Amino acid sequence: MKSRQRAFLLMTIPAVILFFIFHTFPLLQGILYSFTNWRGYGDWDFIGLSNYVNVFKDMRALNAYGFTFQFAIVSTVLVNIFSLLIALGLNANIKFQKTLRAVYFLPNILSILIVGFIFQFIFTIFLPQFSDALGIQALATNILGSPDHAWVGVVIMAVWQATAFNTILYLAGLQTVPEDVYEAAAIDGASPWKRFWKITFPLIAPFFTINMVLALKTFLMVFDHIIALTGGGPGYATESISVLIYRGGFEGGQFGYQSANAVIYFIVIVVLSIIQLRFLQNREVQQ
Amino acid sequence: MRKKKNWLVTSLLIIGTLLIFFPLYLTINIALKTPEEMAKPLLSLPDEWRFQNFLDAIEMTNFFQALSNSFIVTFSVVVLTVLTNSLVSYAIARNMHKKFYKGLFYYFVSAMFVPFPIIMLPLVRQTAIAGMDNLIGLIFLYIVFQLSFNVFIYVGYIKSIPVALEEAAVMDGASSWKIFWKVIFPLLSPMNATVAILTALYAWNDFMLPLVILTDPEDATLPLVQYIFQSEFSTNYNLAFASYLLALLPMIIVYLIAQKWIIGNVTRGAVK
Amino acid sequence: MRLISSLVISLTTAALLVGCSDISSQEAGIVELELFSNKAENIATYESMIERFEEQHPNIRINLYAPPDAETLLRTRLVKNDMPDMLAIAGNALYRELVSVDMLVNYEGEPMLDPIQPAYLQTISDLEGSEKEGIHGVPFAANANTMIYNKVKLKELGEDVPKTWDEFIQVLHKAKAVGEIPIYFTFQDSWTTMPAWNSLAGNLQPKQFAEKKINKEVTFQGTHQEVAEKLLQLKDYGHNRMFGIGYNDGNREFSQGKGVFYSQGNWAIPELIKLNPELDLGVFAMPITNNPSKNKLVSGIDVLFATLKESKHPEEAKQFISFMMEEQQQQQYMEEQSAFSVRKDVLSDDPIMEGIQDNFSEGKISSFPDHFYPAGMGAQNMIQEFLYQGNISKLLKDLDREWDQIQLRY
């Protein structure tokens, strides 16, 4: 029995050590640096909480939080609506089911960065040329060029790419719903709309929860999309928190300052995830 | 009783696929055109297929170097992740009643909540100082970072495998290592497939970690190369799109061949 | 024991693997130098010069690396403590910072500095600040913040190159009236707002603005009102897609005859000519005031070469830099890049540049205001947003606050 225990220890200890060195230790360093004025090189001093105070006074940081949340919430909602609709469609008694499923999953295997470059071209060159040809003035300007609307462009591209994965999760959920439940409902004469809300949705609620949490978490980390589409502009209109930490941390020589920003971001994500899980799980129980 | 096919939904879904195909159509179309044709409607087919764009893109971006970098990274990460992460999860799953292992489980899993940017700045410095700002370091980091999520899904799965299967082997005097490789690991193959696919997609397409970790441009992976060459592509969109297409193609080919298996396994991961 | 030994084994394997990759990159007897450049336009020119250099020095190999968003990348490498051997960057805030932390080799007194115009060495000293001694960057090429114009179009309008602000506005007005795009702006790339901003601020801001701003003696709100107003006035002469189009696409459009004026530096000229070799271009310094004798051209050090103190091959790096300073290379760079040589004896005879020759010979020159702004301030992003929204007081307040915020962080 002893050797068994030793074997189990040997299986885990190296992993724990490595995980500590490459994940936990940098995390602790990040927290430590957040209390310093370090530039990433050279000397530094402890400056207490002043980085944290400054983040709250920093319009660029507040703007990044505003954009990131707006983007993440809208994208999460849209992705879930579209993926649920597509999943319901794919789960229906349709022709070419396998092929269609394969097509709708396709965007998920593509690199976000490259898809972003392609969409950048669509917004900047294709749509203006297309609308000029059709004489539609409304589309003639590149929406990525407008501080008020550039975020919509980022949402469109993100939703295009991310719907695929959530569709597959919903589809998996729908396939766990036994066929006879529907048949019973059909005999009762319930309308399709009612059937969905009264029967299907409660049964796939756990998948709804996990999809909402996963999507929101991924979108709060948004980075590749921004780099490919707008680079954070115009102005700072589409600069996400990840992009700001990357840019500011390296480019501005604000290693310590952006570490403080990252700690705040960390706390926000943890709090949000907990609230979201609680809220959605309560709903599941109630239904 | 066989129900009639729902043609309305079928046709709606088919129309919907146009949205998926459109950006890809545009990419292929532009990759095959000459710069002079860009002034004409972008959706029209190329006058003549110009494969020179691909040759130019291959030469300019040193495509095969990047392809081999991406391949080495993805392949090593997938193999090593499946082998090591399942082993760690096995040890944890079989000892969850002990405080230490339960603690480990929560230690790994809670790391899922840590956003990458907070560890990014110190990590970049740390890996560089350790001489790991190269492909080996990248592989290493992917394997370690994957632990959080993989422990979470593997442990759930291993718990559902009856312990009785192992007890027989223990009676025969087999070591824990042997039991894992001979008994448990084969039983994990559905989960291994799921983990392998998700890991492969992540390692192949990731841009942020290579961007911050890699120093030598020779080490650049496919997505990173597209980024590095943005300024050199300038407005030669034909060249740029040929390069994008080349970078997307390996994954698309793998997907075309194995899409059933891939979707099936991703779905399984979701149900678990 | 087994635990420790397995750990040791895995660590040594990792170390060996890493070590191997280091060794494989070095061939016997050949010194490799990495040259990090922050410009995409001159890659081909550099490469042809590097080829010539390598022929003369078969034992040295120069690896040029010119990525996008180069400054961020360079700073990443700074954090990694893994800098390239040589830098080819502009004389700006980043250079100032590298000097202030003592990372660059001092070239003061080297013979290769002798042929350089004293004015440029002075600019280097100004950038380095009064507390630093020496010349840590060798000026290689100068640039100018110009207004490029399409000669054919200006002639069609029946106008000459404007000498005062009012004349300039009048020409713009006339161009608009006949349905031409007066200035082809490309504001999707935030930095393209800077040529106009720098021309305005370079002429209108108080002397030693940056130093006084650091000492809290002046503010943007107090001194840059006219700069912002005039910039906004120029925007009225743009076009309806100016926020949706970037520098690269803008070059293409302007080269194909869209727009009379193009607010860009000399660095855009080779790109424009490449896109349309027939194009008949001219340049002038945008007249900012109504007093022609007071209007200055904003010019600065576009490229300087610097060597990192940490480089293992400072001698070879110096050889490369002296090679680049030779007349032949200076001449080639000037011709291919439409740049200005820093050498006293190499003068531009490019007809395109005629319009600003007087500025150089008469010394009617002012340096780039934004090269003195603190690193990471992102003035260009604020100006880009301002152009879209048009709120002058917000812009000036933002600039002041952002500058003060950055000072707080150190």
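Order as written gives the chain letters A, B and C; numbering starts at 1 within each chain.
Quick note on the criterion: contacts are C-beta pairs under 8 Å (C-beta built on N, C-alpha and C of every residue); 3 or more make two chains touch, one makes a residue touch a chain.
These numbers were taken from a predicted model, which means no experiment stands behind them.
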item	value
Chain pair with the most C-beta contacts	A-B
Label of the chain whose CA centroid is most distant from the centroid of chain A	C
Intercentroid distance (Cα basis), chain B paired with chain A, Å	17
Chain B and chain C: spacing of chain centres that average the CA atoms, whole Å	39
Approximate Å spacing (C-alpha centroids) for the pair chain A, chain C	36
Chain A residues counted as touching two or more neighbouring chains	9, 40, 125, 246, 250, 255
Where chain C touches two or more other chains, by residue	76, 79, 81, 249
Sequence positions of chain B contacting 2 or more other chains	121, 125, 127, 140, 212, 227, 230
Chain A - residues contacting chain B, complex	3-4, 7-9, 11-12, 15-16, 18-19, 22-27, 29-30, 33, 40, 86, 89-90, 92-96, 98, 100-115, 117-119, 121-122, 125-126, 129-130, 133, 160, 165, 168-169, 171-173, 175-176, 207, 210, 220-221, 223-224, 227, 241-242, 245-246, 249-250, 255, 258-259, 262-263, 265-266, 269-270, 273
Residue numbers on chain C that touch chain A, as the complex places them	2-3, 6-7, 10, 69, 71-73, 75-76, 78-79, 81, 97, 101, 187-188, 190, 240-246, 249, 375-378, 381-382, 384-386, 388-389, 398, 401-402, 405-406, 408-410
Interface residues, chain A side, partner chain C - complex	9-10, 13-14, 17, 37, 39-42, 50-51, 54, 57-60, 123-125, 128, 140-147, 231-237, 246-248, 250-257
Of chain B, residues touching chain A in the complex	3-7, 9-10, 12-14, 16-17, 19-21, 23, 26-27, 30, 41-43, 84, 87-88, 90-92, 94-95, 101, 104, 107-108, 111, 113-123, 125-127, 140-141, 144-145, 147, 170, 175-177, 180, 201, 204-205, 207-208, 212, 222-223, 226-227, 230, 237, 240-241, 244, 247-248, 251-252, 255, 259-260, 262-263, 266-268, 270-271
Residue ranges of chain C touching chain B (in the complex, touch as defined)	14-15, 17-19, 21-22, 25, 40, 43, 65-68, 76-77, 79-82, 248-249, 251-252, 271, 275
